[in-house]
Amino acid sequence: MAEDSSTVRVAMIGYAFMGAAHSQAWRNVHRFFDLGVTPEMAVVVGRDGVKAAAAAERLGWQSSATDWREVIAREDIDVVDICTPGDTHAEIAIAALEAGKHVLCEKPLANSVEEADAMVAAAVSARAQGARSMVGFSYRRVPAVALMHRMIADGAVGEIRHVRGQYLQDWITDPEFPLVWRLRKEVAGSGALGDIGAHVLDMAQFVTGQQITGVAAQTETFVGRRPLPEGDGALGAATAGSGAQTGEVTVDDAAVLIARTDGGALATFEATRFATGRKNHIVLEVNGSTGSLVFEFEDMNGLRYYDGSAGDRAGFARIDVTEPTHPYIDGWWPPGHGLGYEHTFVNQARDFLEAIATGADPTPSFEDGAAIQRLLAGVERSAAADAAWTAI
Amino acid sequence: MAEDSSTVRVAMIGYAFMGAAHSQAWRNVHRFFDLGVTPEMAVVVGRDGVKAAAAAERLGWQSSATDWREVIAREDIDVVDICTPGDTHAEIAIAALEAGKHVLCEKPLANSVEEADAMVAAAVSARAQGARSMVGFSYRRVPAVALMHRMIADGAVGEIRHVRGQYLQDWITDPEFPLVWRLRKEVAGSGALGDIGAHVLDMAQFVTGQQITGVAAQTETFVGRRPLPEGDGALGAATAGSGAQTGEVTVDDAAVLIARTDGGALATFEATRFATGRKNHIVLEVNGSTGSLVFEFEDMNGLRYYDGSAGDRAGFARIDVTEPTHPYIDGWWPPGHGLGYEHTFVNQARDFLEAIATGADPTPSFEDGAAIQRLLAGVERSAAADAAWTAI
Amino acid sequence: MAEDSSTVRVAMIGYAFMGAAHSQAWRNVHRFFDLGVTPEMAVVVGRDGVKAAAAAERLGWQSSATDWREVIAREDIDVVDICTPGDTHAEIAIAALEAGKHVLCEKPLANSVEEADAMVAAAVSARAQGARSMVGFSYRRVPAVALMHRMIADGAVGEIRHVRGQYLQDWITDPEFPLVWRLRKEVAGSGALGDIGAHVLDMAQFVTGQQITGVAAQTETFVGRRPLPEGDGALGAATAGSGAQTGEVTVDDAAVLIARTDGGALATFEATRFATGRKNHIVLEVNGSTGSLVFEFEDMNGLRYYDGSAGDRAGFARIDVTEPTHPYIDGWWPPGHGLGYEHTFVNQARDFLEAIATGADPTPSFEDGAAIQRLLAGVERSAAADAAWTAI
Amino acid sequence: MAEDSSTVRVAMIGYAFMGAAHSQAWRNVHRFFDLGVTPEMAVVVGRDGVKAAAAAERLGWQSSATDWREVIAREDIDVVDICTPGDTHAEIAIAALEAGKHVLCEKPLANSVEEADAMVAAAVSARAQGARSMVGFSYRRVPAVALMHRMIADGAVGEIRHVRGQYLQDWITDPEFPLVWRLRKEVAGSGALGDIGAHVLDMAQFVTGQQITGVAAQTETFVGRRPLPEGDGALGAATAGSGAQTGEVTVDDAAVLIARTDGGALATFEATRFATGRKNHIVLEVNGSTGSLVFEFEDMNGLRYYDGSAGDRAGFARIDVTEPTHPYIDGWWPPGHGLGYEHTFVNQARDFLEAIATGADPTPSFEDGAAIQRLLAGVERSAAADAAWTAI
């Protein structure tokens, strides 16, 4: 543990896209929020020592290392932040928890339900010893999404009838886009479903406070083979024997599903990387008996609210979610001066650190993450069985 | 037949919401479009003679009648326009076609596949005798929807990957809203599914030129019993024995489904009357390999187009569909002076009359209408079987 | 006068764009609204007999004529509807009023303040004899604009601080677009200012209930000479001597102004035909001490309202102005089934006919029209004097 | 100077809203951009030592100080970043430049043209010695605004006809809002005009590459007296003699103006703090002969472009300005993961540091800032003279 009890020393495993976003959070969170603890960016870990050192320099970590096991064993580390692909989450997280570290793990929690369950078991044990654990469903930390959650809990829409969620991207519509790790099941677990579908499914359950109880789903891989990335030895090995310069895409490009919730709502969801023109298009709409709420990520500082009680002056109102009374905003800028994508990670770090400081268990917990994993597995089972209705 | 070959005399059966919209079309279509034939509003038919006479006066019909069989038998009638609830479509349409009349029939074509098939048979026979038949999927006649169809056919989006359609309303969210005929299966056939879902399903197939090949669906009736409408004897009878002032809602309030098309696309659809704040919210989005198109009825004079070939200047562009080169617009106003809901019926009448004048068979044909009927039946079968995948 | 006191027989002078829009109104207004009187489309008047006869046939008038003086003299005519260019308004309107006819005159009321004043004098005299007069600021009849007026009068925004109005078009950005009559001062009076600026200035005064008391303005003619329209003898004569195939544009292409109102508000206005991409873009925003309202014509069935009393749930709400309690909507379609451009004329005819039926004086009156004329003249004087502040 | 030539040590004067935003920039800029130099947050300066020390701790500065003169005299300081109110800009900036420091000065450059001119003279002298100077018109660094600038320079809209700019806020609509320093002329220089109007005027000139040559303006102070802020001794003194708990608002609440540019365009501008519901609403639209561009800050990651060459498929397209080829984006996140308000300051710091590293002079220069000051002075002169046309 850090010598100063008000400091928590963080080790981050992985330093790619998510690692950069998490670093920005650790670097800045205490500049905006009053927390009981201050993060110290102790060490970043990567397999390639040269690259890891460069990442430490660029992202602002005090040091770098190549062996996460050694880092986890260090006494001066309080927090382990897991930003690697999903196939390594379970091993790292369980080891970290067993070592008594607080663990923040990127989503999806794991690549299988079995892994997720093992992680939950480790989290439960560690929790009893005071180690906090949280899974990084960062979009819960968009102030507008948090406000949506709060308003629904406050009864702003009444009894929920419909939920519709979409997470649409278009970065692999080109068949010449290479076979990166996110397109390989053994690393990524699944494709659009786990990468982005997991987010919108979590958001839906978070804002409604309801759980999905059953699904019927279809998935599709529109482009079955892709060029290998340049210089990717691992992938080359993976396709050894094919003699080709291309490899097989082993995850879904898109998933669509209908669902029911334990609150009696009907829901539809869609996750795809083939929606041309939709860069990072998340839409989540909830219709209740007396009102509705709509969030769109492209307008991430806005939340649309239809208040059915307003009579013939009712309409979908765009709440500019930048008022000091809105979630997280007291730490940020004056009204109208909106946040960006990366701030979700700062807000997430705030919640995680606050939990550490106050000794509370943060959400989403590993149990929440495992529940999403079970849901994703249910979606895949349904899709594999010709969309058969699958209880979650 | 009318004495003047350039005049077609129309008999309209039914004069409620749809009857008013159709009347507006017959009254005005030849004022905006040059057609080979001119409609004459000969007679409106309704069971209640007094009300029918009042409707004739208000809507501009030359006369009224109470027996549609007699009207169909008249030699001076060329066109029969069916605006009644779905349970009467088959009988009227078949009789009219057998009498050699051109028939425009409101959607859904019928309340069952069997009825629809019988209507198709009648249409085929009559067609050989020169009688035209068309089903009233009026939203095809929104200029922006017709442009969407044209652009997709012209390759504006490439190979289609995704279709998502929503038709959301909110007029029965109040549990005290009465049990009107649209909520009774024996009259309406189905609920949101057939009333509005049919529209968006037809629009999706129309704009893509693809057919849905399979579905998994769920439907729901959120409010199971409702007050009887005042003075509705028929309904009173229908609920005799219950001893209550309420009756059972026998149709769906909402339907959600996922689907596949014969062109390899994944699709999602939703139709509901419980989306609070959504008055008549139709959204249809198509994502292709090189572009995307989005239509929203609340912005009915706009069409959003993402042209992937525009490089880093690409974006969803709102085409103001009011240029003379856009579908139907040459008959209307200068650029920027948009149309409203009712104009879809005028445009529909134009297409129907043009088909009569030129001796062509209009679309959507009764076969198209029957195909939608089969699709609706498939949705209902799937919903009844726990969302089992159902081939169409 | 018509024999049947419940019928008013209309003569329409001019049959171009506005004539077509007015004809649509006369043809349909009584099909949607219960009025004390029913319009009869008696005669359309145009200088060219063949064209006038064709217009009568196409637009649904019982007859045509070439001499408006003769028509005005006819006893069977109750209403004179003036749809000609502005240079003829005064002569026709005064003659019609002196003949005891009700007069609906297109805007702007006249091409000069002097003409407008003479028309007011005639209207005042005729009013005493029961002849109604109204000027056709049709955008007041957009339901959303009428609702904006009603809400402001009801205190929905508090004390008005700001008004900003824009009317942007782009139909003459091409320098090869010909020198049509709207670009010639002797016919049109002014350019963008009188044609479209007049609308948005009237709308601003209408919705706020405040009058503009002073302006500073600039106008500009971006393209000074244009090709003569083909076969336009009158124009050919007008440019005789130039020896060229082009003629001088003698009106403004654009006008910008700042203003103050008698209610203490600051205002900005802009009217242009050179806003590339803006087809018929009208925006009117009013900011008050407790709320704001925004209308955009491209979303003509919507009105955006910010209700400052909603605390941190406040936002600009899009009211779908299609509820039966909204202005004019009780005559039209169910919620969510919006209107189009032409319906403003139907609603206008409704108000005019209702005034005739009830013996009330309709608004906007000729006095209102003359006030706008004075405002337009003030804008032109300011622009001619280097934007000098000009009291209205 | 810093010992390591690749490090620049920064002193920031002032630590309120702007100071926090600048600190975030200094803390993070080198984490996202490869620069020839790395900023070191040496010292933050404030009059109150305790508060300054707390600010240093919170914002991440190595130390704090109370005397900016002493700090400027220090050899280890390379950059002076001025974040104080406008009344102190000239004195600090001139002293810093004379001491050979690079100076980044918040906008508006000064509170008077005289001050601004003196600052320019100092900048010119210092420039010859290699000291860089820049004024903080941060909205130029919104990627969409920078893209707008680039596209216009590339001819994307043709010859510019119209510019319209609005900067609307509503934070003082409540008459009970206190008399903060921004409402006092002796500190702030002017009100909405200089605070936010300066931004949109600068943006307009920046994106068009044109200069405003004349204006006619009106300003207004809607609420003339306001409660004194609690515990504001300075203000208490300022109103000594009034014996009241309120003080006089000595700046404008709102300014409206029309303008002409040296490129032949007509322009309108508005800046206000009384637009209820508009939190930080910046709109800038440019209409050219062949296209148009629109920026709205509430959608800061989007830019709307109308490309007139697209024929009847043309429409305002929302470019999602998050592609790596867009300005600044190569340093940030993947497409679709937008930025927020604060990133404009990071991008600004990037440009400033790059200029230092490469020995180039950054823009906007002090000359640019002084030109804006002259423009603001012209607006005030016009407003004081009943909107008389005032050459700039």
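Should a chain be cited, it is by its letter among A, B, C and D, assigned in written order, with residues numbered from 1 in that chain.
Simple rule for what comes next: a residue touches a chain if its C-beta (ideal position, glycine included) is under 8 Å from a C-beta of that chain, and two chains touch if they have at least 3 such contacts.
These numbers come from a predicted model, not from an experiment.
Undergrad: Could you work out which chain's C-alpha centre is the most distant one from the centre of subunit B?
TA: Farthest chain from subunit B, going by C-alpha centroids: D.
Undergrad: Write down the chain pair with more C-beta contact pairs when A-B is set against B-C.
TA: Looking at contacts between chains, A-B has the larger number.
Undergrad: Roughly how far is subunit B from subunit C, going centre to centre by Cα mean, in whole Å?
TA: 36
Undergrad: Averaged over CA atoms, how far is the centre of subunit B from the centre of subunit D? Could you give it in whole Å?
TA: 55
Undergrad: In whole angstrom, how far does the Cα centroid of subunit A sit from the Cα centroid of subunit B?
TA: Centre separation, subunit A to subunit B: 42 Å.
Undergrad: Which residues belonging to subunit D are in contact with no fewer than two other chains?
TA: Counting only residues that touch two or more other chains, subunit D contributes 278, 302, 306, 314-316, 320.
Undergrad: Across the complex, what residues on subunit D touch subunit C?
TA: It is residues 157-158, 161-162, 164, 166, 168, 170, 173, 216-218, 220, 222, 254, 256-258, 260, 264, 266-268, 270, 272, 274-278, 287-292, 306, 308, 314-316, 386-389 of subunit D that touch subunit C.
Undergrad: Can you list the residues on subunit D that touch subunit A in the complex?
TA: Contacts found on subunit D: 17, 21, 23-24, 27-28, 31, 58-60, 169, 171, 278-281, 297-302, 320, 322, 333-343.
Undergrad: Where on subunit B is subunit D touching in the complex?
TA: 151, 156, 302-307, 310, 312-320, 323, 325-326
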